[in-house]
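In structure tokens below, several structures.
Both of the next two complexes hold chain A, though its partner changes from chain B to chain C.
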Partner chain A sequence: MSIAPEIRYRFMKDIGAPLVMGMAGLKGKRKAAIKRDIPLGPPLKCSKRLKEIMTRHYFLSRYAEGARPVAWVTSGAPVELLRAFDFYTVYPENHGALCGAQKLGPELCSIAEGHGYNQDLCSYARIDIGVCLSGKTPVGRLPRPDILFASNNICQTVMYWYRVLAHHWKIPLMVFDTPFNFVSLDRSAITYMVRQFEEMIPELERISGRKFSEKKFKEVLRLGKSSAMAWGEVLATMKTVPSPMTIFDAFVHLAPIVSLRGLPVTLEYYNVLLSELKDRVSKGIGAIVNERKRLMWDNIAIWYKIRDFSRLFAERGMNFVTATYTNAWAETISYMDERNPMESLAKAYSLVILNNNLDHRLKLMERLIKEYQVDGLVIHSARSCKPYSVGQYDLKRLLMERLAVPSVVIEADITDFRAYSEEQTTTRLEAFFENIEDGG
Partner chain B sequence: MHLDLETRTRKDYIREQKSLHGRKVMGVFPAQYPRELLLAMNILPVEIWDPPLRTREASAHLQSYICSVVSLGLELILQGKCSDLDAFLFPHTCDSIQNLASIVNDYLGIHKPCYFFYHPKAPYKRASRPYYISQLKELKSGLEKQFGELRETDLKRSVDRWEEIRKDISKCYLLRSEGRLNTSNRAFYSILRRVEYLHPDDFHPLLTNFLQSGRTETERQGHGVLLSGVLPNPPEVLDHLDAIGVRVVDDDLLSCSRRFLSGPVSNSDPYEAMAETYFSLPPCSTRGSAIEERLNHILKKIRSSRADGVIFLIVKFCEPEFFDVPILADSLKKEGIPVLVLENEINQALSGQIVTRIEAFAEMLG
Partner chain C sequence: MSEEYRSMWKDLGLDLEAHDALLAALGQGYKDVFMTQENRPKGMEYFDFVVSQVHGLRVKELLDEKAAGRKVIGSFCVFVPEEIVRAADATLVGLCTGADFATEEVEKYLPRNTCALIKSAFGFKLGKVCPYIESADMIVGENTCDGKKKSYETLGKLVPNLYVMDLPQVKTAGGRELLRTEYLRFKTAVEDLTGVKIDAARLKKGIEIVNNKRKAIHRLAKLRKADPAAISGLDALLINQVFFYDDPVRFTNSVNRICDELEARIAKSEGVFPKGAPRVLLSGCPMAVPNWKLPWIIETSGAVIVGEESCVGERGTRNLTEPKGETVDDLMDAIVERHFKVDCAIFTPNPDRIAHVKEMAGDYKADGVIHYSLQFCQPYIMESIPVEKELESARIPTLRIETDYGSEDAGQLKTRIQAFIEMIGSK
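Moving on, here comes the complex of A and B:
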């Protein structure tokens, strides 16, 4: 690492970023003051802080190049290992979600499509490839990575996608291969995963130019675990009736646990969010004004529809109180154990929902439905995401059979609204609303 | 033998295998699996790639954006056409097969044992090989519970046998690429694809007979192409190439050369030998190979077979292939090699538009 980028990075970290954060907070304040949605409860005060954190993260990332080793990472990869080497990490999936929320999906996807990438491919991948090919991004600029770090514990798609990136950037792709849990996790799979970690360490030392410190690694693990547990507690506040937060809030407040896992800021943030939610619970403040029905969401968010949906459901007194998606970053954290770091990391990362069989998913959903007193289920069949979507039709049927929970399937996409039909969705949702009002 | 096999349906063949030879039959989904292991246990693997059906019942379980290999495979089960099978095996090929495996095992209640096979993905590490071997052994112990004990000598024999068959398949490929195999595109794949369900006792003689009778010293006429993608379906593409005098001289198909053309085996331990086979297979999107590696492999094949162009025959919604194709196609074009990318559903009739594109492509070959 040369000295000039290092100085520039430090300057931006200490002076530039706080300025930008302040401005982001101000903007949020103004917006919040103007927009006040009637069916929704008071907005979370924490949102301002969240905005500051994420703005700082993307702002600083521009200056990380040359100053810190930079990695582009998949959302399910065991980033704790990279943190031990002080990598600056960028999450293309989080960036894709951000582009999706700003309704930039089709525009960025079509850049990739113009280079031959099929419109049926995952739109996070198409957005990212579009960004790489054009340099366009709403966050100003993404830093050029030194390494790509992927795990197929969420899908095989990320492997195909990151291979394209590796070819484009001409940089190494490091893969954490997590055997799919068809039945149960066996010893040979654990050994295989632990050995992969052991092989990664010298490679990461070479790329980062830094020595592996077990002490630092354990500290990161501790932080990562505490943040994920705090996130779990944040979600658990939604068991309260009325729920102090909606799942649409959670989709947004998920960003730190995805992108900044293992960093002190994440733990600090979730502790603040948690106390705000607890305060709401104690005062009986709900996220929507009149919570009559409680719903569960399945699959990734429809990012361009978050605002519309949160209003649409709130107007009917329906609040989303749990989701398989937001739960994913808290679900397996109990496996994490700094006394047995590698093995526990292997378990925590390979037993996540998308690397687990559908029987596991069914049981998880049954448990969430009971614990969160769910009255109905909205299933987003996401064209982008085959591992999340294949099996949903049967899940719908089985949950109805077992728990008599009414549900609806929305055929859409996470960011590409060309795959979304307003008309079809409205028709389906109207039928669902009737159904749920009739008590299923 | 040849004619007899030609006229018998797959169903009759399976029944005969069971009644005459006491074999068990396993329905195997794409793509890569240790067939030697199954055969050593007297289990006949019958692969499910492109059953001749129309999707009817599968659409109640699968979204419209799932590839037809997966939806037709499920259709086969749902239409009750797997009653002769004793079990299923699902290799971990892609997200869609992975979830299909779980739907069948966890949700359908079909009461048929399901086995799974996870093969390590590239980039391979030192840990990959021991893990692959552990997977072979775990599959073996799982199968033993249903099908009885496997004798090491049987496994050894089965590994050696498959090695012989692979050598003959390689010979077919070599002769074809040198233009010394007198066969049509359709006939070549029709013979090769019998490996998907015939027992080696039947397949090997068929193959050697094909090899001997097709050998010729006459030089290849007309243009040659390399066929890439998942599988040679719809077969009408092959017919059409035959009709316009374009010969498939080599392939990079997932169902064909990417599973069969591994390096020679030197290890005498059967598990090590199977691992050697797996890790020396050509680069493949579903196994995680780098695109560069696959590109170089295709370029090498183009040179050795003197192919004039490349046709990518991609199954609609096939993510592993669709991510690789833009870079492959672009790089090939930069090398001055004509490329045609066709997207199709399994068993889909050839549209006029596809025919026109194939013809226009053939004209470009010079």
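Moving on, here comes the complex of A and C:
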């Protein structure tokens, strides 16, 4: 690697980024002052800090190219291994969510569609391919990766999607194949996964030009695990009535645990968020003004509807207090154990909700419904996400039978609002509201 | 159909009224698509008979086998090794997945944007019209795509006997080892089901039966290189479809018989299409009975299909299991080795598939390739673009089609295909 990108990266890290962060915070302040929603409680003070962190992350990523090894990574890939080699990581799914929230989904998807990618494919994949082909992104510019790192523990689509990227840039694609957990994780599956990690290390040493340091790897595992546990505590504050946060807040505050997992900033951030939430709990401050009903969300967020839904439900005194999606990053990372790093990493990443059986998901949902005192369930059948959406009708039936929890299925997409029908969703939600007001 | 079959279907728990409607539609469809072809080889009469009896005599045979103490195993995928099933004197049958049925009921279980093949499997079960699924002592689901992987959990609640097989998605030494572990686990499950201990001699016999079936299909494939084409693509596809249902020894003999006839035709330059007719290679998703829409459109538009790069086709049948070694371990290795070469789109990376499509296009002297993806099938839709790019860079015209089992898009498809055939025909 040449010296110039290194110097530029350091300069931007120490001087450029703080400046940009300050500006991002200011912008947020102005916006918050204007957009004060009546049915909602006071906004989280931490949001400003979150915005600074994520702005800095994307801003610095532009200068990482050439200065640090860069990897594009799927949200469920064991990034801890890459962190040990000091990779700068970009998460196309997080970037896709960002584009979705800014309502850029259809525009970016159309670029991929223009190159022949079918509209039935995952919209995160189409956005990302659209970004690659056009260079368009709301974050200015994304760095060209040196390597792609994908795991099929969240879905198989990422494998094809990343194959397209690998072909486009002519760079290596590293795959972590996680056998699906139908009943329980057996020894042969663990051996298979550990063997893959062992094969990855020399390849990562070659690409990054850095030697593998077990000490650093263990430190990353420690940090990753502590951050995930802190995130778990953040979510657990929502067990309180009224809940100090809504799931829509959590969808947004999820970004660091997805994209910056294993870095000190993430742990530091969640500790600050946690203390703010604890303070709210002690003062009885709720995220919505009048919390009468508590709901659970299943599947990825509908990113372009977060603000609308947040208000729609709050107006009815309904607050989402838990979601299988946000819980995913708190659930299995705690398996990580620096005394047995590779095997524990294999467990942590292969037992995630989307690589685990339906009974596990049912039990998880039952537990969340009980612990968070949930009155109703909103199931998002996401056009983009098969692993999350197949099986939801079974879960709906089973949860009704076992816990008499009323639920509704809304068909939409995570970022492509061309696959969303306001009328159909409103009709379904109105029926659900009536049902839940009648006590299910 | 005779009264005997009606009582058999009733005993299997089929919905007789719905089943009658299905058979009537299947019979009519078959007549329209197959029986209107001219100058078909005489050997096709056997396959016509098999299809006419697909829910009748063949099911009765299976029930007779069950009565004699043998087991029936149903599957959805070519990764389920038939050699192991045969070694235990059991029968492997492909389950019904080629037509829409009870769609409204299915959509109470699966999202609407699930592929037609998975929905079809559920529709046949929920609509109570598949005698195979009802006869099966074990149904094997395999982890190929996300849709199947997740829907097997739902299917597991609808059938009493679902066995799930995991598959690696990378072709590394570790991946091969995982497949071996899974095949050994499957062997034990088959032994437990049948009460038969699979030894080397049995395994060798199983390999021989299945290899013979494959060899006959290889022979047929080779004969499709001739111009004029001695057999239509529709008839050849049908034979490939029957591969999954019929008694293997009888099937092998029947395929070899028709091959004898085709050789005689080729010697006389006799064909079902005129010499020089545009030649098309089909590539992509499998086509199960009665999914004949696309080949029918292609062949009624003047082109002949000369090969199928598909699981119901050469991807599924190419390569033999080398009966190397004398121990169960050696033979299991040979079975793993053979199946690990199947270049399904689930593997990452998957350069072998693209190379195979190119190789087939050359071998069968195809003028163009039509890539067929089922709507919502992420693996094949996604892979269709690299396939197209690679073929076009090799100057092989390619048309990508995404469709389902419905007939609504038939007119639109016909227009696109006619234009494509015109283009490749004028080269």
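As a working rule, the second predicted complex is superposed on the first by the 440 of 440 C-alpha atoms of A that agree within 3 Å, B and C clash if a C-alpha of one lies under 4 Å from a C-alpha of the other, contacts with A are read in each partner's own complex, and residues count from 1 in each chain.
Simple rule for what comes next: contacts are C-beta pairs under 8 Å (C-beta built on N, C-alpha and C of every residue); 3 or more make two chains touch, one makes a residue touch a chain.
Predicted, not measured: the structure shown is a model, and the values here were computed from it.
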(message) Once both complexes are superposed via chain A, do chain B and chain C end up clashing or fitting?
(response) clash
(request) Please work out whether A:Lys386 is in contact with chain B alone, chain C alone, both, or neither, and reply first, second, both or neither. (result) both
(message) A:Gly439 in the overlay: touching chain B, chain C, both, or neither? Say first, second, both or neither.
(response) neither
(message) Under the stated touch criterion, which partner chain does A:Gly140 make contact with: chain B (first), chain C (second), both, or neither?
(response) neither
(request) With the two complexes superposed on chain A, say which partner A:Leu362 touches: chain B (first), chain C (second), both, or neither. (result) first
(message) Under the contact rule defined above, give the chain A residues that sit at the interface with chain B and also at the interface with chain C.
(response) 115-118, 120-122, 125, 152, 155-157, 159-161, 163-164, 166-167, 173, 175, 177, 179-180, 182, 188-189, 191-192, 195-196, 199, 357-358, 381, 383, 386-387, 389-394, 411
(message) For the complex, give me every residue of chain C touching chain A.
(response) 108-114, 143, 145-147, 149-151, 153-154, 157, 164, 166, 168-170, 172, 174-175, 177-178, 181, 345-346, 348-350, 373, 375-376, 378-379, 381-383, 385-386, 388, 400, 402
(request) Can you check the complex and tell me which residues of chain A touch chain B? (result) 115-118, 120-122, 125, 152, 155-157, 159-161, 163-164, 166-167, 173, 175, 177, 179-180, 182-183, 186, 188-189, 191-192, 195-196, 199, 357-359, 362, 381, 383, 386-387, 389-395, 398, 411
(request) Note which residues of chain B are touching chain A in the complex, please. (result) 60-63, 65-66, 70, 90, 92, 94-96, 98-103, 105-108, 116, 118, 120-123, 125-128, 130-131, 134-135, 138, 285-286, 288, 290-292, 316-317, 319-320, 322-327, 329-330, 341, 343
(message) List the residues on chain A that touch chain C in their complex, please.
(response) 115-118, 120-122, 125, 150, 152, 155-157, 159-164, 166-167, 173, 175, 177, 179-180, 182, 188-189, 191-192, 195-196, 199, 357-358, 381, 383, 386-387, 389-394, 411
